[in-house]
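Each of the next two complexes has chain A plus one other chain: chain B in the first, chain C in the second.
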Partner chain A sequence: MSLEIAVHEPSCRGCELCIDVCPTKVFELDAEQRLCVVKHAEDCIACLSCAYICPSTAISHSGYHAVKNFYRDAEFCEKMGKFL
Partner chain B sequence: MSEVTINTEWLSDCSGCHIAIVDLHEKIMNVLQAVKIQRCPVLTDIKDYPKATVGLVSGAIRNEHDRHAAIEMRKACDIVVAWGSCAVFGGPAGAGNIHTPEEIVRAVYLENKTTVSAAAPSSEVSPLESVVSPIDQVIEVDLYLPGCPPHPAFIFEALSALVEGRQPEVNRRSVCAKCKRQMVKTEVTAIKSNSEGIPDAEQCFLSQGYTCMGSVTIDRCLAPCPGNGVPCTGCAGATMQILTEPNRDIRTEIAERMSRLTRIDREAIVLSLERGAKSHYSYTMASSMIGKKPTFHIKKWIEDENEDYEAGGLA
Partner chain C sequence: METRSQRVALQDAMVFLGAIASGTEQAIGESANRISYLAGVNLGKRLSEGVPTTGDIEKALDATREVLLRNDYLWLFEAFKTHDQQATFQESEEGTQVMLVFRDCMIRQSLFRFGHAQKGSLCNMMYGFFAGALQNIMGRESSLEIVHAGENACYKKLVVRRAS
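So, the complex of A and B:
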């Protein structure tokens, strides 16, 4: 499965923080609608910087190789699937 | 499918979660067609714990009574839902963990500065436990539904899914995702307190220099506060990003975003949030995910603020 990146548009506040942090300039601002849109998905390296900075948690990635994060809160990760 | 039965129980909380069921209004009829509500402190007069399919437990464990009630609910119910921020994270009562029970009793009953002092109750109410605990510290929890209270839409979806035996449709987005304020970059250079000035009604609070917790708070409310002129106080608890990553935190995540939206220095924002930590962390500090983060030094932050205050200059 190839890497995909998506912005949940109703949640985007157009703050441009994803544009600021993306190292490969994947995003562009649609000034008219005040939305950050994915313009160059092929350049995404799945660093997830945009997903973390997005105030709305509106950016999601799929089909990337998840690097094991040794600094995760293991206790909470076990509970996360149970959150409604 | 046999009838779905529900018990609800109310531990250390304000009753808001139970009232949120009533706020389903006519939608509650859809729920009632499919379930039978048994024990429910606001609706029925059942005092014991009949066997039930689903148990909704609101409130934190604050005293011996809460502990007993939580254990009884676990014994009686097949599925236990920690319902509301108090049950999931400890809620505002968690701020009590900064003090000992003796200090709290002294401040509330014996040396109260605003009412006549009186002895602490010695009967009917069981004594405070040494700390406030989210319910999963005492009983096993099957599902978590944070919110203060969770918006009826989320309760309805959770109950419907349980009744229909399917996965509930939930998202993990933040309050900003539902807030319609414009998040723009500004030239603001200083943090404002909430009582300072009149905020612009269209622009994001962070852009204006006001501390708003929308970006670090999971949306279980549909953003009514920022939509009505009040910055988010984080009542549904932190986002999954903050809860899973020990190196991310309420204060650093807000500072990261606010310093990019304004001209305010990141460190100044972190310091300001630390000084107001009792408010900013109040809903979640009883939870180990927040309270035991190695970077969470609330006692020191409060002492620092008190020292500055005594010295005559609040930072």
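So, the complex of A and C:
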């Protein structure tokens, strides 16, 4: 499953925080509708900063690699035994 | 050690790691970054000992990734190119430049465990690790600039300087 990013248009207030925070310039402002839109979805690195910063929680991602909470990962804890 | 005990021990280690980094930054300021950087350089050099040398940055990054995997370090990365970049590896006056995305990261998770800020001294340790490993593998100096520290991934610019 490939990475997909979407903006829920009815929720977006066009505050541009997502545009400011995105390091790869995925978003663009549609000035006419006063909405932030996904312009270059292929550039998204799934850092999720846009989703976290959006005050309206209008941005969602799917098909991305969610980072491991490695301290809760049994397999990783076993490997870490040599450091502890 | 059974897994549950390891998990608890690992969480304790993380709390300690995050707290000591945060405390050091408050106590000695910018110098904390330098200390962590040098610790990273030593680690990178030590762990990449014996890795075959290469002048090819792509192969050197593969070798660095192998070093991390072999040592069970959760610091995996991949080269990334945006739609407007001509190539993944770009030559500039400084040297060869490549953007890297870091996904699973022990440091980020350690910092988030207790809400410490990113881009601090522990992140500089990663910079040092790359500098040390690439110095061994390519015989060249490098820098790893944190362009963006995100919640689920970080975006960094690696520049491998020209051989002097």
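Assume the second predicted complex is superposed on the first by the 68 of 84 C-alpha atoms of A that agree within 3 Å, B and C clash if a C-alpha of one lies under 4 Å from a C-alpha of the other, contacts with A are read in each partner's own complex, and residues count from 1 in each chain.
Keep this in mind: a contact is a pair of C-beta atoms (placed from the backbone, for glycine too) under 8 Å apart; a residue touches a chain by one contact, two chains touch by 3 or more.
A quick note: this is a predicted structure, and the numbers were derived from the prediction, not measured.
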item	value
A:Arg13 touches, of chain B and chain C: first, second, both or neither?	first
Partner chain(s) touched by A:His40 [first = chain B, second = chain C, both, neither]	second
Which superposed partner A:Tyr52 touches (first chain B, second chain C, both, neither)	both
Which superposed partner A:Ser62 touches (first chain B, second chain C, both, neither)	neither
Residues of chain A at both interfaces, chain B in one complex, chain C in the other	52, 69, 71-72, 76-77, 79-80, 82-84
Complex interface listing, chain A residues touching chain B	8, 10-11, 13-17, 20, 34, 52-53, 55-58, 69, 71-73, 75-77, 79-80, 82-84
Chain A contact footprint on chain B (complex, rising order)	81, 136, 141-146, 154, 157-158, 168, 170, 172-174, 176-179, 181-185, 204, 206, 214-215, 239-241, 243-248, 256-257, 260-261, 288-289
Parts of chain A lying in touch with chain C, wherever the complex brings them together	21, 23-25, 40, 42-43, 45-49, 52, 64-72, 74, 76-84
Complex interface listing, chain C residues touching chain A	1, 3, 6-7, 9-11, 13-14, 72, 74, 80, 82-83, 101, 103-106, 108-109, 113, 147-148, 150-155
